[in-house]
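Got some structures for you, see below.
In the two assemblies presented below, chain A is common to both, partnered first by chain B and then by chain C.
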Partner chain A sequence: MKQLTFLLDGMPVPFEDGQTIMDAAMAADIFIPHLCHHPEFKPQGSCKLCTVKASGRHVSSCTMQARDGMEVENNTPDLNDKRRTMLQMLFVEGNHFCPSCEKSGNCMLQALAYELEMLTPHFDQFYPDRPVDASHPDVLLDFNRCILCELCVRASRDVDGKSVFALSGRGITKHLIVNAESGRLADTDFSLLDRAAHVCPVGVILEKRRGFAVPIGQRLYDEKPIGQQMDSLATRTAKVEVPR
Partner chain B sequence: MAFDSDRLADVLEPILKRYRRDPSLLVQILRETQDVLSYLPPAALTYIAAKLDLPRARVEGVAGFYSFFYVEPVGQYRILFSDNIIDRMLGSVELMDRLCNKLWLERGKVSEDGLVSVDTTSCTGMGDQGPALLVNGRAITHMSAERIDRMCELIRAQVPLADWPPEYFLVEDNIRRRDVLLAGDWPVGESIRAAIARGPEAVLAEMKLSNLRGRGGAGFTTAIKWESARVAPCHGDNPMRYIVCNADEGEPGTFKDRVLLSSYADLLFDGMTVAGFTIGATQGLVYLRGEYRYLLPALLANIEGRRRTGLLGQAVCGQQGFDFDIEIHLGAGAYVCGEETSLIESLEGKRGVPRVRPPFPVRCGYLNQPTVVNNVETLCKAALIAQQGGAWYASLGTKQSTGTKLLSISGDVENPGIYEYPFGVSITQVLNDCGAGNAQAVQIGGASGICLAMHEFSKHIAFEDVPTAGAFMVFGAHRDMFEVARNFAHFFAHESCGFCTPCRVGTSLVANCMDKIANGLGSQYEISEIFKIHRLLNAASHCGLGQMACNPLFDTLNKFRPAYERRLRSLDFEPAFDLDRALASARQMTGRDDPAAHLDSAPGVLP
Partner chain C sequence: MSVVLEKKKLRLATTSLAGCFGCHMSLLDIDERLFDLLELIDFDRSPLTDIKQCGPCDIGLIEGGVCNAENVLVLREFRKNCKVLIAIGACAVNGGLPAQRNHLNLGQCLQEVYLTGEGVVNGQVPNDPELPLPLDKVHPLDEIVRIDYFIPGCPPSGDAIWKFLTDLLEGRTPRLGHPLLHFD
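Now for the complex of A and B:
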């Protein structure tokens, strides 16, 4: 049978029927910027960082199935400009202070900002009031950094079978909540062993008493830019660290 | 107020029983719970989640999504002013200030005695008889200073809503021009009998011949939708097809579905039944916007009557094997639910977030079954076609836009109301008919539609020229088109579901930009920002809401640039932060407003 292919920035990319543009690109070692996508979970297409132009239309590459002969634009100045603007939106929407963040160097939002040469947040900051939740014995939740990617929501619901996390509110007031009447993580059945404890692409879900184990400067995205880390992005699945 | 579990059980068990403890009816369960408890206390959410076997966080997430659900205590009287630009032009802002002042109340806060709260809400669909508001969900029209004063007395005396003057709650149809639909005398059930006589294939053929296109705005060919759902396979344990009537008429300035629902409900239910007969559906669902809740008792009584007379239920009109019934779901204040996949999510008891498409609802809709979602007006038109045939319908209007269109006309006109025209009518003709003397602009299709300036009034209402879902808002020469656009910018920021980054953040950024310009701190910089965000939202948003959200700004910036430019402080950048304005809260707290409490050269204060 003929190998199905589509053109990604002029390069032929093979794919199997049913694969999304993102899946096929990752398999071919081609980087499409993304935040809410994770190969282990059902794609939802909400961060819109992976927006590409397929047959002239803007689509989310993580939810759009590839079609034979399709022409897809990915790494273009126009699309990267749009992605940079959306990154800036995510930065001003929350409270992101990279220098003081435990996730600095391991954070996808920060790594993408470097990758796409975002030099300033550009827009006025929203400075939302998002108190941290330190109630849980093993885990700190710093909502200030939440980008609403729903990876913890999906992991807790689909893998852990617990539904510890969900979203409430709408529009700019949309926010992450936990599954307890008190609103405190300590009153849920969340555990550091949960898959959901290890999927946050930014610095919301943090293990307590384990700060800066690897010095800043020697971390994942310090070593190599995110755009050259297709292996680590594709194999994010198995890296559950068992707590001491 | 504490809610112990005994009292909660007393209140909630009958509601849960009535809704069969079905998690897909969560929105309805929350609505009825709030009816009894006045808000949704945390303990009630916990109780409902446990009984429906849902994660509590999911129930809380749904409660937090809809504007009309309250998770904190609210006033005994909850007053929401319709905040469409049309209501504002009729003086709603001044009336709200008057009410707040008289009640010693700050907008958005509950009075200290827990008696009353006053706030705004998105357009309530009364543009032809505004300014309008909702009191505890009941619509009140024709607000005036006199009515405000009387309302204050009623509230202070704690008069129950049922004893308020009945004329407050009158909603008129205001039908000003009738064409085939509104002028016709359509006997109840005739369309169903005609459809049965024709047979489903023949009805579909007539629908194709009619070239009827969806009246909700997108203009998709109805026959194609029906045919796709008809041939799509059902699946699972409960294989069914569904007809969903989109009565979530949330587009600011639109109210034609309100009139159809109140005076032509039989035609609508006939149309739904015809659609069900044609595609092989057995269940119809009406998604009625929360603002039109006052229509619910009459609609339910109508459905009950139809069951008694054999127009609904088993063997409809005596046709063995054709079973069809209709249920009504009430929305709870979310414009985005007018998008068909968010509407389906909401029908399933979830947050009204648009789904990823494909798959489309015709293949995988309500409960993942083949589902046709049609607008109220579309279904009424389908009923006519079942009776009169497709050729008759196609002979009306234009070739690409057959039939007639109901327009909801409001704003600076002598006779606001419903006008039915064959497609192809010119804007000028409509303006003449409704008595718009000095129009400088018309916003067609609501906030997400297009703004036409005077030189474009020779255009025609038709899918191939100026498409519309029905809103037709007229702005006289004395109106400030910047304020029109600013109102719409805030509307979209309020109604964004927040699912995708560009719309969630972009609509708020744009609203802030417009406020900055309105505060006299705007510059050319903000104008370029608006254009940049417009391009991003248009390209990258998940659904039509985000894609269209900047349209009114784009149009007015292109056509009414002076309305913006006369506000710009300079053509260079100005910071949004204004030191003197930032001291306002300190002045308020200390009760000072003397010159020494102000900075000398306060920037940003307009002369």
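Now for the complex of A and C:
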């Protein structure tokens, strides 16, 4: 049978019927910037960072199925400009103070900002008021950094079967909530062994007492830019450690 | 007879607004390259020269965000006098650490620190006319004036500052790639 291929920035990329542009690109070691996509979970196409131009139309590459002969633009100045603007909007919407964040250096939002050479958030800062939830004995929730990717929502619902997290509200008031009468994480059956405890691409769900086990400057994206880490992105799996 | 045209030195002003002088420390961290830098520039207003007013300059380098009325005046003075204005460091770029007070009520903060806080006896909120009034919110520089370039980092490394300044001084588009571009 003929091998199905599409053109990604002019390069032929093989794919199997039913595969998305993102899956095929990942398999071919080609980086498409993304935040809400995770190879383990059903794609939802909400962050729009992975937007590519397929046959002249802007589509989310994580949800768009590849088609034989399709021409796809990915790493172009125009698309990267748009992606940088989306990152800037994410940065000003929350409180992203990298120097005081435990996730700095391991954060996908930050790594993408490096990759796309975002030097400033550009837009006026929102500085929203989002109190943290430190009620759980093992996990800190810092909502200031939430980008609404719903990976924790999906992991808790689809893998852990607990539905600890959900999004509530519409538009700019949309926010992450905890499924408990009190709204506190301590009043759920959430545990460090949950898949949802290890999927946050930014610094919202943090294991307590481990923040600086690896020093700043020696972390994942300090070593190599995210665009050159296809292996770690494609094989991201649960890093479940038994609490000491 | 050969005519030697001496290249005119550029004038560089620096200041720290709501910052910790960490970025200035990082500037000093270019070490002996400071001598190379001094071949290319003269310092105008800067903590290094102790000149108090900024004159006409080619480049202004500003550390820290804007947290009080005096910061606004100094920032405007720099914008008026500098052809190119650079925001250096996390605080200048997005408000940084001082901006983490932005979700708190400033009046209540002052009350608690100077009047009602634990252990405060006969306190009073400082109101000396020489003290600049704090702003309700801390702002990054580009919310007050136009900024031409940004060097993020807390602080940006000496190497990043050196790369950025030499690119600029030699007429290239300043560019920080991995690993010089970092936010922490």
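Basically, the second predicted complex is superposed on the first by the 241 of 244 C-alpha atoms of A that agree within 3 Å, B and C clash if a C-alpha of one lies under 4 Å from a C-alpha of the other, contacts with A are read in each partner's own complex, and residues count from 1 in each chain.
One rule holds for everything that comes next: contacts are C-beta pairs under 8 Å (C-beta built on N, C-alpha and C of every residue); 3 or more make two chains touch, one makes a residue touch a chain.
In this text, all values refer to a predicted model and were calculated from it rather than measured experimentally.
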TODO: Check whether A:Ser61 is in contact with chain B, with chain C, with both or with neither, and answer first, second, both or neither.
DONE: neither
Open item on the list: One more residue to check, A:Asn74. First (chain B), second (chain C), both or neither?
Closed with: neither
TODO: Answer with first, second, both or neither: which of chain B and chain C does A:Gln110 touch in the superposed model?
DONE: second
TODO: Classify the contacts of A:Phe165 with the two partner chains as first (chain B alone), second (chain C alone), both, or neither.
DONE: first
- [ ] Could you tell me if A:Gln19 is touching chain B, chain C, both of them or neither one (first, second, both, neither)?
- [x] neither
- [ ] Using the touch definition from the top, say if A:Asp124 reaches chain B (first), chain C (second), both or neither.
- [x] both
Open item on the list: Is A:Leu90 touching anything from chain B or chain C once the two structures are fitted on A? First, second, both or neither.
Closed with: first
Task: Where chain A meets both chain C and chain B, residue numbers - done: 124
Task: chain B contact footprint on chain A (complex, rising order) - done: 44-49, 51, 58, 60, 63, 82, 85-86, 89-90, 92-93, 123-124, 126, 148, 157, 162-174, 177-181
Task: chain C-touching residues of chain A, taken from the complex the two chains share - done: 91, 95-101, 104-105, 110, 113-114, 117, 119-122, 124-125, 127-130, 216-217, 222, 224-225
- [ ] Show which residues of chain C lie in contact with chain A when the two form their complex.
- [x] 87, 90, 93-97, 99-100, 102-103, 137, 139-140, 142-143, 147, 149-152, 154, 175-179, 181-184
- [ ] Please name which positions on chain B make contact with chain A in the complex.
- [x] 42-43, 45-46, 55-58, 60-61, 63-65, 334, 351, 356, 493-502, 504-509, 512, 532-533, 535-536, 539-542, 576
